[in-house]
C-alpha cells in the first residue's frame, strides 16, 4: 500500500488558501500539498504520497541508521571472517 | 519455479477482455502479444511467425527489408522531438534492427480537421530533416483529414524500404546460449519524457526523449563484427522487457540481466519511482539491445562506444540455456526475478 | 535519488542478509503487512535470499485488492453514467468487478480518468460544474489524509458536484483479525511504514502486548525490509514482543497529528468488508455526517443486485489456510490471473495467483478431495 | 475563356483558410492540391514533383514502386466491401497505376479503445483475402490503440512495394495530344455507396462499392500494348475530375471528355442528382483512367473488355494540345464546360 | 431516372436550339431567376449554345448567396457555442461570414451538422434534450413549407430546445426590384419552377402585365430550360408579355395550397436584406408571433457588432451595372472566389466570380478610373 | 435555388402523426414527408425538395409535352431541310 517517495521542497506557496509547494524528486517536479507538514521549509525532504507530504524526513536519524548498518556490516564481516569455510 | 514471477508484479492483473480492444492492446506488452497471436497472425500468418522489426524481401536479386509503424504519440511535440522525427526514426530503426539501411520512406498522415497548418508544417519539416539526417528521403505519402473528434490531432504512419547491409544476418531467433546482451545507451527516457509532457499527472521534468536514428550505429557494428551480431531490437513500446522477452521466446533461450548494470538516468529512475513504473517497461526511441557472440562482445562494445549513438553502451546480461522463453533479472541486492511483459497499459500506481 | 539509492546498496544488503542468517536459529513466519513492501520483496527477490526456515507471508495490505467486489461494481456503475467524470488512482482501473472493470468502462465511452492526487479531482469539479466528478477514495491510513483534504477543499470551495466513493480501511483491526484466526501462522509483523508515518505506532503497542507478537515499523527499500526482518527475528529469537521502529527517518511515535486531525474531522470509523476476508468490525472509514453531501453512494442510487463472488471460489478456505489453491475446481481453469474469479487470484500477491504463476498444476478432478 | 468554368459550379466557393486543416483538405480536390503544393512538397520536395500514385525506386538492379495510403472510410463496413479490402485494393491499385505488381504490403492499424475485436478480426481476414486475391501478402504490420474518442473506430494505412511489370513506362506527365482517354468501367459507385451507408442523410440504396484490385487488368494492358499505355490513374478521392486534371497539369495538355460516354450507373446517377453531387467528383475504387496512343486505343479497349475488371471499359475522350492543364467536358446537349477539381469537401446542396 | 433522363435528350436539345435560333431575330436579354437553373445552364454550357444575340443573365436565385452577411455571422456565433447542435443544408457551410465560415467553426470543435431535411433537425432535438438544436432555415418559397412543417412538428412534440435561424426570401419582390432598377436590362424571365410548384403563378401575372415582361415558369433539366427560353423569345418576338408555364408536369396555376397554408400559418412577411442587393420591402418570411419561441435570434443574444461588407468592395455598383469587376481595386487581388470580399465573388454565379474564372485581368491601379 | 428531384412513392405511412412515405429515386430510397401531397398514393411520382414532396408529377402532361417537343422537332427538321445550306 501507499507508494511514498522522498523529495526535496524547492518552493512553498500559500496563496490558494492551501499550503502547496514544489517538490523535486531527483529531477522531476510536482506541486504537492504541504498542509500536513506545516513546519517544512524549502530545502527540507518530505515523503510524498498521492500529492501530499505526509512526513518530514529526519536527516540526522537517516544518517545514524546508515552508519549503524555500516558499522554492523563491518562488525559482521569481522565476526564471519574466521568462520568462513571454502 | 521459485523465482519471483511476472504476474506477481502487477497488482492486480487485468481481466482478459477478449471482446473489446483496450488501450493495453497497444502497449507492447502481454495484451499486444495476445492480440498479435489471436487476431493478427491467424489472419495474416504464418501463425508461428517470429515477430521481427521488419520483413525481409528478395526482389529481382535485391535484398530488402520493409517495416511499418503507426505513430500516435501524445503530445505531438515533446521534449527532445516531435511525431515527425519520431516516425522517421522509429521506422528507420526497425529497418536497422534487421540490419538494413533505409532507402526510402513512405509517410501517411491522418489529420483531425481544425489542426493548425503551422503545426503540420513543423511536423513535415521535422520528418524531412530526420529523414535527411538518416540518409534517406520520404518519397511518397498520403494525407487524409477526418472530422473533428474523429482523431486526436494527427497520426503518422511511416513505412520504410531498406537495403540489407553487407554481413547482416540478424533475427530474434538467432540468440544463442553464451551470447552477451548489450544495450547501446540509457533506457526509458522517451516514455518518461512523454508522460512528463502530459498535463494530467501534473509532473514536470527536464527529461528529454532519446529519439534518434540508429542505422549508423548498426552499420558500424556490422562492419566490425557482422556474423557475431545475432539479434538486434529497439526497446520501444513495452521497453527492454518486451524486447528481451520476444527474443527469449523466438530463440527458445533464457536471458539473464544484471539490474545493477542497467543504464537508467537518475531523473528517469525518479520519474519511475514516483509513478510506480518499471523502467524496463518504459519505451526508448534511440537505443538498441543487441545479442552478440561472447567472444566479440568487447570488440562490439568498443565499436558502439566509438559512435555518437552508442557512446554509453554497456553489457547488461547474457543468454542462457536455462528457463527458455524467460528473462531473469539479478536484482541489485542479489535476488532474482522474472522480467515480465507489461500486462496492460502502463498505469501509475498508488500501491 | 537521496533517501532511496542509499537503501538499495548491494553491499549493505549482503551484510544484512548475513546478519539475518546469523541470527535465525529456528523456523519463523513473518508477515509484511503492506503491499508496497510485498512489491519490494518480490521485485528484489528478497524472500528467495532469506534463510530457508524464515518464511515471509504477504499481508492484506493492498488497498486495491481488498476493496470489496460490491464497491468495485458500484464504481463501475457510476463511471458508466452520462455526465460523470470518474476519477481514480491508476491501479484501481484493472480490478475486476462482477462483470467488467473500469478500463473496459472507459473503453466503452465512460469518462474515466487516472489522477495522481485527489486534489486534482477537486480541480476538475471546480472547472466542470456541468459534470458530477467522483473520486474513488480507496486506501489505508496513509491515503486518508489526502482524501480528507480533498473533501475539506471541495467544502471550502462550495462545490456541489464533487463526490467520493469511499472504501478506506484501517490496518490494526485487520492485524487483529489475522491474529485471531484459529490457524494463524504469523509470528511477527513488519508494520507499514507509511501508515505509521501518519498514525504513529502507539496503536500497535497493545497488539504486540496482547498477542505476544513482535511488530517492527518498516520502510520500503530493500535495506529497510532486510533491517526490519532482522529486527523482527532478533525479537523472536530473544522472546521479545515489542513495537520497534526501523523507519526512523520518516516515522515518529505519535505520527503526523495534523493528518490525524483531518482524518478524524472528515471520516468516522465503521465496519468494513475486505475482499476475500470478510467484514472486520471497526476496520473502515466512512464520511462523517457533516460531509454526507459528498458521498457518492448517497448521490447515485445503485440499483444493481448485490455482488456475489463466484460460487466455485473457495477463497475463504484458502485465506483461512484450510485449503490450497490447487484443490479448487476453478484454479488454472476458469480462474487465472488474467481472468480471476476470486480475491486470492485478483491480487497478484494473493495465494492463488502466486501458486498459478509458480506453475503449480491443478489437482485432476477425480483426485480432488471433498472439503 | 468563355467556356463555363470550374469555380462557377460550386456555389459559393469556400474561403481559403490557410491556418486550419479542413475536411476539404482531404477531399482530393483543390484544397488537397493546395496543401500538397504549399505544405507537403516544400517539406519533402521536390517542389515541382509530378504527383504520381507511387514512387519509383531502383535498388540493386531491382525496379520497384512504393505507395502508401491512409484509409479512414466511415462506415468501416459498407456495401461491397470494408476498410480492410479497400486498404489492400487502394494500395495495390496505386502500384498498378505506375505499372507495378504488388510484391508485399505493410499494414498499420490505429484503433480506438472499445473497438470490437470481432470487427478487427473481420477486417484482418478481409484484408488478407484481398491481398491473396491480388497475388500478394501482408508481410509486416503494426497495431496502435488510442483512447476513446481519440480515433473514429479504426484507421488503416497500407504501403505497397511493387515490382515494375515488363514494358511499363507510365507517368502522369506522359499524356500526349492525340491520345485517347479510356475508363475501365463505371464510375462513382464507391463514393455513393459510402454516402448511402452513412446514416445522417437518411438514404438507402442498393449501390455497392466497386472496390477491387486492378493489377491484372493493368498487366493485360501492358502485355497487349505496353508502349502505347502512357498514363494510368485510379479515380479515387476527387473522382475522375481530379485524376484527369492532375494528368492535364502534369503533361501540360488539354483533355476533352464526352459526357454522353461517361459510364455512370443509373442508381449512382440518381444518388448524385438527389444530393447535388457531380459524379465526376465522386470516388471510384475499382476503375482506372488510361491515356493511350490513339492507334492502339481500340486494341487496348478490346483487351480491357476481355478482363473481368475491364469488361465495361469505354473511351470517354481525348488529349488535345489546346487549353493545357484544363479538362473540358462536351455536355450531353452539346455544350462545353470545364471539369473542375472538387473545391472543398463534398457537401450535399439544396441549390 | 424517369422524369429526368427524357429531359436530357441530346437530339431534342439540338432541335430546340435550332428552333430558338430560328425564332430569335434580334438581341434579347433573358434572366433565369433560379440558381438551380443557372446551375444547369452553366454545367451544360447552354448559354454558349444560344444564338449570339440572346443573352442569359443569372438572377439572384441562390438562397445561399443572398443570405445577408449579418445572418451568416449570427449563424457562426451560435454554431460555436457550447451545448448547441447547429444544423444546416450543406452548401451554407461554405459561405464566408465577416471573419470565418461554418466549416471552420466545425473544424474548431463546433457541433455543426449537415442535414438533408429540416425534419431531421427536429428528430435530433427530440433525442437530445440536453442540447439546443438550431436549424439554419434559408431558402425561397420552395423550402418554406418544409421549414414550416419542422416548426409545426417541434410545436406538436412540445420541444423547447429546437430553434430556427430564419432567412427566408420571396421571389416576386426581388423580380420587381430588378425591374425597378433604372438600368434594368432584363426583357424576359424564366420563373423558378419549384417555387411555382409551391406558389403557383398567379403572383406573376400582375408583374408581367405591369412591366410588360414575358415570364415563363420553367423546369430545371436542359430541355426544360431550352423550351423555357424558346417560349420566352417567342413572346418577345411576338410582343407578348404573359405568364406561361413550361413546367406543366409539376406546376399548377394555383400551386400547392396545402403548402401555402403551412407557410402562412408559421411565417409572416416582412422586409429582408439580400446580400449584395440590399433590403427589399416585403421580400422575407419571419416566424409568426405564435412561434416566436422557436426563433433562434430570440433565444441567443448576439452581441457582435454589426457585420460590415469589405470597404474596398464595389458590389453595389456592380449589381446596379455601373461598374465592371475588373475596375475594383480588390478584384483578383485580395478578392478571389476562394477568399471573396463581396457577394458577387461569393456566389460562383456572381458577376465578379464569373469575370475571375473567365480569366479577365484586373485593370492596373494607375489606369483605374475614379468612380 | 431549390434542388428538386422526381421520385416514385413506394409506401405511405401515417403512424407518426405526420404523413410520411418511402420514395424511390431510381434506385435510391428515402423517407419523405407527404403532408403537402395528401392525394398522392404509392406508385405516384412526386417532386421532392429537402425531404418534402412539393408537387405530384402529372404523367399525362409530361407525355404531352414530350410528344409536342418530338413533333416540333420533326416539324422543324422538315422546315429546315430545304433551307439547310452546305
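Going by the order they are written in, the chains are A, B, C, D, E and F; count residues from 1 in each one.
Criterion: a contact is a pair of C-beta atoms (placed from the backbone, for glycine too) under 8 Å apart; a residue touches a chain by one contact, two chains touch by 3 or more.
Chain-to-protein mapping (UniProt): A, F = HypC/HybG/HupF family hydrogenase formation chaperone; B, D = Hydrogenase expression/formation protein HypE; C, E = Hydrogenase formation protein HypD.
In this text, all values refer to a predicted model and were calculated from it rather than measured experimentally.
> Using C-alpha centres only, name the chain that sits farthest from chain D.
A
> By raw count of C-beta pairs in contact, what's the busiest chain pair here?
B-D
> Between chain D and chain E, what is the gap in Å from one C-alpha centre to the other?
34
> Take the average of all CA coordinates in chain A, do the same for chain B, and state the distance between these two points in whole angstrom.
34
> Approximately how many whole Å separate the CA-defined centres of chain B and chain F?
Comparing mean C-alpha positions, chain F is 64 Å from chain B.
> If I count partner chains per residue in chain B, which residues reach a count of at least 2?
20-24, 113-114, 147, 149, 202-203, 266, 269-270, 273, 276, 349-351
> At which residue positions does chain F touch at least two other chains?
1-3, 5, 25-26, 30, 49-51, in rising order.
> Can you list the residues of chain C that touch 2 or more other chains?
Correct list: 1, 4, 35-36, 62-63, 89, 107-108, 116-117, 120, 139, 143.
> Mind pulling up the chain B residues that touch chain D in the complex?
Against chain D, chain B makes touches at 18-27, 32, 35-36, 39-40, 42-45, 54-55, 57, 59-64, 66-72, 74, 103-104, 106-118, 120-121, 124-125, 127-128, 137-147, 149-152, 155, 157, 159, 161, 163.
> Write out the stretch or stretches of chain A touching chain C in their complex.
It comes out as residues 1-6, 8, 17-18, 25-26, 30, 33, 35-38, 45, 47, 49-52, 54-55, 57-59, 61-62, 64-66, 69-70, 72-73, 76-77, 79-80.
> Could you list, by residue number, the parts of chain D that touch chain F in their complex?
Residues of chain D touching chain F: 196, 202-207, 266-267, 269-271, 273-274, 276, 349-351.
> Could you list, by residue number, the parts of chain E that touch chain F in their complex?
1-4, 6, 11-12, 15-16, 18-19, 22, 34-36, 61-63, 89, 116-120, 139-140, 142-143, 145-146, 149, 153, 156, 192-195, 197-198, 220, 223, 227, 248-252, 256, 258-259, 262
> If we count contacts the way the header does, which residues on chain A are in touch with chain B in the complex?
Interface residues on chain A, with respect to chain B: 1-3, 5, 25-31, 49-51.
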